[in-house]
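Structure first, then comments.
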Amino acid sequence: MDWLQEFLPLSWERLNIWIGVICTFAIYSILYRENPFYRFFEHMYIGLAAGYSLGPLLVDILYRYWVEPLTQGFWAWSFVVPFGLYLYFIYSERYGWLSRIVIGVLIGASAGLFFQEFASRQLPQLNSALAKPLWQTSNNDVVISDVLNNWIFIVFLLSVLTYFTFSFEHRGVVRRVATFGRWFLMIGLGAMFGNTVMARTALLIGRIYYLLHDWLRISIGGG
Amino acid sequence: MQTRQPAVWDRMLAIDRRILYLLLFVNIVVFLLLPVQLKAVISPPARKFYNAIEKLQTGDLVMVSSNWSASTIAENKPQLEAVLHHLMRKKVRFTIMSVEAQARDLSYRIAQRIAKEYGYEYGKDWAHLGFYVNLIVAIKGMTTDLPATVKQDVEGTPVSQLEVLKGVRTLADYKMVIDVTPSGTMPLWVSYRPKGLIVLFCPTSVMAAEAYTFLDSGQVEGMLTGAKGAQEYEQLLKIKGQGAIFANCIQFSHVLIILTILLGNIAMFLSRHAREG
Amino acid sequence: MWRSVWQVDTSTTAGIIAMVLIVLGAFLLMLGLIPLLQALPPRGRRVLIALITFFAGAFFAAEFFLPLTKDNENWLTPGVQPAQNVLQIIGSLALGLGTYGLIRLHLRNVVQRRAQWGYSVVLLISFLTMAFFSIWNTLAAKNLLPKNSVLVRGFEILFDYTLVQLDAAMFSIIAFYIYSAAYRAFRVRSIEAGILMFTAMIIMIGIMPLGAAISSWMGLPSEVPKDAHPFSLESILYALSLPEIANWILIKLNAPVQRAIEFGVGIGGLAMAIRLWLSLERGIT
Amino acid sequence: MPYQHAQDNWFAAIIIAIIALAVLINIARAKAGAQLYIRRIAGLDAIDEAIGRSTEMGRPVTMIPGLTAFGVAAVQALTIFKYITKQIAKFATPMRLLTADATVYAVAQEAIQDAYNEAGRPDLYDPDSVRFLSDRQFAFASGVAGLIQRERVAANFMFGEFYAESLIFAETGNIVGAIQIAGTVSFTQVPFFVAACDYTIIGDEFYATSAYLSREPVLLGSMVGQDIAKFLFACTVGVGAIAATVLGTDHPFIKLLGQPGGWEPFVEFVSKTLFGGK
């Protein structure tokens, strides 16, 4: 009896858990097949998400970046929103092209920003690939296992890069190197796959733990 | 025209995926409930983690940065619990901080529960400093002026009234930071911490691979990898926790997946053999 | 009334009126521009868009490339934050457009009684309720509206009790999919598939305690002293233990592959950025 | 370490300039009429087959740019979708383009409308076929999964940047028996596409796709420039390795390569080696 009282959604905390459980079952039901129960929660999910984003959109962006500077008297900002509203012409046959002016700004900006992205993302990776001695000499103090790893690094890198060339036919040696590159690629992909299985299983375990422990109140381990 | 029943292996190859889903689900439920536990082999990063905390003195101050929420509960919760057990066993004072509300609530609740076991007094021996959306700004702020950055704890008590923070000017007054996280927050601690602050890291398993460079260079002193790391740590502390259960559960799911993959391959070869033979 | 050329003093009534007029004027001006723009011939329109694209890109590119004077800045750096804010504003207007499109679609479903329109009603109701609480909540968080228990509870039920739980459920469903995908795909049909499967399996065993357990049953050491010679028997055996092999694959073998892909993707993206910036690409615009 | 400006890393300006030159010169060559080659990319030949099948079955085609935020990758993804839509328009096959980014949604509306216009079938364009579902990762995933199952799509194209949700799309597509072609720059998601899709376009091939499909001289020329850039990267790595072997990792030259600072250390190093100044 006590168990039942504590099990039923009679407090806010229990209600929270019950809603969570219903949501979980609704989502999991698609594993069997698409069904009205899932469809109901899918539509609710999208509706909630769309509604939720309005708050941050209006307050954290429009108010903060547009209304606030205007109230402080920075008049130049007043042009931004009417300009951005040109975007809303996309549904119009006649004025549709005006939205492309705004899109042009967005495309130009993302192109211009890509230089910095390239420099801060790819270049450090290039830099850190440069100091890899391939043999022990009097000038360096690499250990032999590092030498081995460095060889692997260079060979793998170059053969995968070779696979990713497009403007000439892969023939002879190049073809063979590219094939190896493809195999090395598969090693990398397999490693990523194996590593992710664990994380995703852990997520599912977390959910099932929620069902067993929080909802059904079965004690598991230490707490 | 089907003249004979399809062979077992042909049926295995065309198995309904829902049977697989059920297998996985049942497998996890069973191993969550069954007390089957394999002993873990302690990995060097976990051993180093343990030794680093062992070296702390009674009364030292530690920052626990707990940033996980419901999704990664199976990996991060046992880590946080084991770490808190160790800190309190060493009679070390600590404060907790998070980057978002859910992480704050979870870590606060867990710390309250464990504190009760050890007779830790809130405000005097430990405190929860709430959440900080921008971690870089928070770390930088705490490095220059901690009270001004924190202002108040999770319950709204001003910093000046928290005994645990008495005399603390900046993050440099701390001995150590322990980052329990599913995301890439550790490099931020490494880059922006004050000199000499020890960093310990409790990532989820996917994030662990990227951390080895930091371990090799000594910027991170120890690491617990996901539920497996928590299990190793529970073993070191000789406590019964959920790390062992979750790690075993993940492990047996892996075994299940590997076994079915192998069976699938055997079935493929047999089916091919039958067709050719 | 003017603090500087760029700022109106809004502490006076005259200043406030001036600002309101300026904002109205801006809307009217942009509206008035439309017939003018509309008068452009197709070629002119294309040139205009190309020019605007070029200048938008040139700003960020120049800020990146121009020499720095002091404090890691050049004369364009102070403009970056405002420019980012402009992009943010336009992005939020786009989000408004997207939401409008979504709501329009489902409203039409309901009005025209299309098949399954009941679900559109669900979507619209949850949208409206959540929008109300979300806006109220974000305003309250900025102390622009009072907080009360209805708000707190309502937002909690919709966000923490429901939306967050749906996220967690959908996220965890991937575990099932990863299993069925692995079962189907990991068959030794070709060398490539074999390599993929073999590596994935080694990692799956090696990163778990089971890997260490198997290795120690086989008598492989789980740790070596720091000063051991790399070719001593102990070191070699250690390197052959499953956790070590798994880590070695994850770090040493994975890194160059990932880096090669990163290089390719970076160069491909850079080339694309240059083509877009100079409007050389006749793709989507 | 993030680089805010070109000056933070002397590599940046030099390498970007060389890549830009290589790309632009080859584009000019291509425009001048040089015959350029592009090697076969297996997955892309299957696009037409996939469209043909969905036409036969009378079921829709879905296109998903993933969570791609608006940027260079998103524009590339939309360029590919525009090409596919043009093929679809010829057969009047129904299509759905589902986005998680509102800006991508706006641009996609334009691109898809253009595609129908250019294919000469503006009458087939339906604004509701391009949909913004949600900017919340898993709400989007649940919507896509539901739609793929309800409409039993016959072909599913996924191009862009993907995160954890990738497998939800790919497995759901697989459940309804759709032909699936995926291309992504997100290395972490490639293994799942390889496992669950019929064809996977990996990494850089994503950017080669539009050149392959359209065979436009500008794109083919750019492709040559990109290959030259890759060759340059490979040479740099090779030179770095040899120099590190011969000179040792502590040599100033290796330090200059491995931990590049701004221009000052570079100029200092060059003047030291060339003029022997102290």
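Here the chain labels run A, B, C and D in written order, and each chain numbers its own residues starting at 1.
Rule of thumb we're sticking to: a residue touches a chain if its C-beta (ideal position, glycine included) is under 8 Å from a C-beta of that chain, and two chains touch if they have at least 3 such contacts.
In this text, all values refer to a predicted model and were calculated from it rather than measured experimentally.
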Intersection of the contact lists for subunit A and subunit C
B, D
Chain of greatest Cα-centre distance to subunit C
B
Closest chain to the centre of mass proxy, which here is the mean CA position:
A
Which chain pair has the highest count of C-beta pairs that touch?
A-C
Centroid from C-alpha atoms only, then distance subunit B to subunit D, rounded to Å. What do you get?
34
Just give me the whole-number Å value for how far the CA centre of subunit A lies from that of subunit B.
21
Intercentroid distance (Cα basis), subunit D paired with subunit C, Å
16
Where subunit A touches two or more other chains at once, by residue number:
27, 30-31, 39, 41-42, 45-46, 48-50, 52-53, 87, 90, 100, 103, 106-107, 110-111, 113-116, 118-119, 126, 129, 154, 157-158, 161, 164, 185, 188-190, 192-193, 195-198, 201, 203-204, 206, 210
Residue ranges of subunit B touching at least 2 other chains are 17, 21, 24-25, 70-71, 205, 209, 250, 254, 257
Subunit C: which residues touch two or more other chains?
64-65, 90-91, 94-97, 99, 102, 160, 163, 165-168, 170-176, 178, 180, 182, 184, 186, 196-197, 200-201, 204, 207-208, 250, 254, 258, 261-264, 267, 269-270, 273-274, 276, 285
Over in the complex, which subunit D residues touch subunit C? Could you list them?
4-8, 13, 16, 19-20, 23-24, 27, 70, 72-73, 75-76, 78-79, 82, 99, 102-103, 105-107, 110-111, 114, 127-128, 131-133, 135-139, 141-142, 164-165, 167-168, 170-171, 174, 185, 187, 191-192, 194-196, 202-204, 206-208, 210, 216, 218-219, 222, 225-226, 229-230, 233
Mind listing the subunit D positions that touch subunit A in their complex?
1-6, 8-9, 11-12, 15-16, 36-39, 41, 70-72, 75, 103, 106-107, 109-110, 113, 127, 133-136, 139-140, 142-143, 145-146, 149-150, 187-188, 190-192, 194-195, 202-205, 208, 211-212, 220, 223-224, 226-227, 230-231, 233-234, 236-238, 240-242, 244-251, 254, 257-260
Give every residue of subunit A touching subunit C within the complex, in rising order.
12, 15-16, 19-20, 23-24, 26-28, 30-31, 39-63, 65-66, 70-76, 78-88, 90, 94-95, 97-98, 100-119, 121-122, 125-126, 129, 143-145, 149, 152-154, 156-158, 160-161, 164, 181-198, 200-201, 203-204, 206-207, 210
Going by the contact rule at the top, pick out the subunit C residues touching subunit D in the complex.
63-68, 72, 74, 90-91, 94-99, 101-102, 105, 108, 163, 166-167, 170-171, 173-174, 177-178, 180-182, 184-186, 196, 200, 258, 261-265, 267-276, 280-285
Of all residues in subunit A, which touch subunit D in the complex?
27, 30, 33-34, 38-39, 41-42, 45-46, 48-50, 52-53, 87, 90-91, 96, 99-100, 103, 106-107, 110-111, 113-116, 118-120, 123-124, 126-135, 137, 139-142, 150, 154, 157-158, 161-162, 164-170, 185, 188-190, 192-193, 196
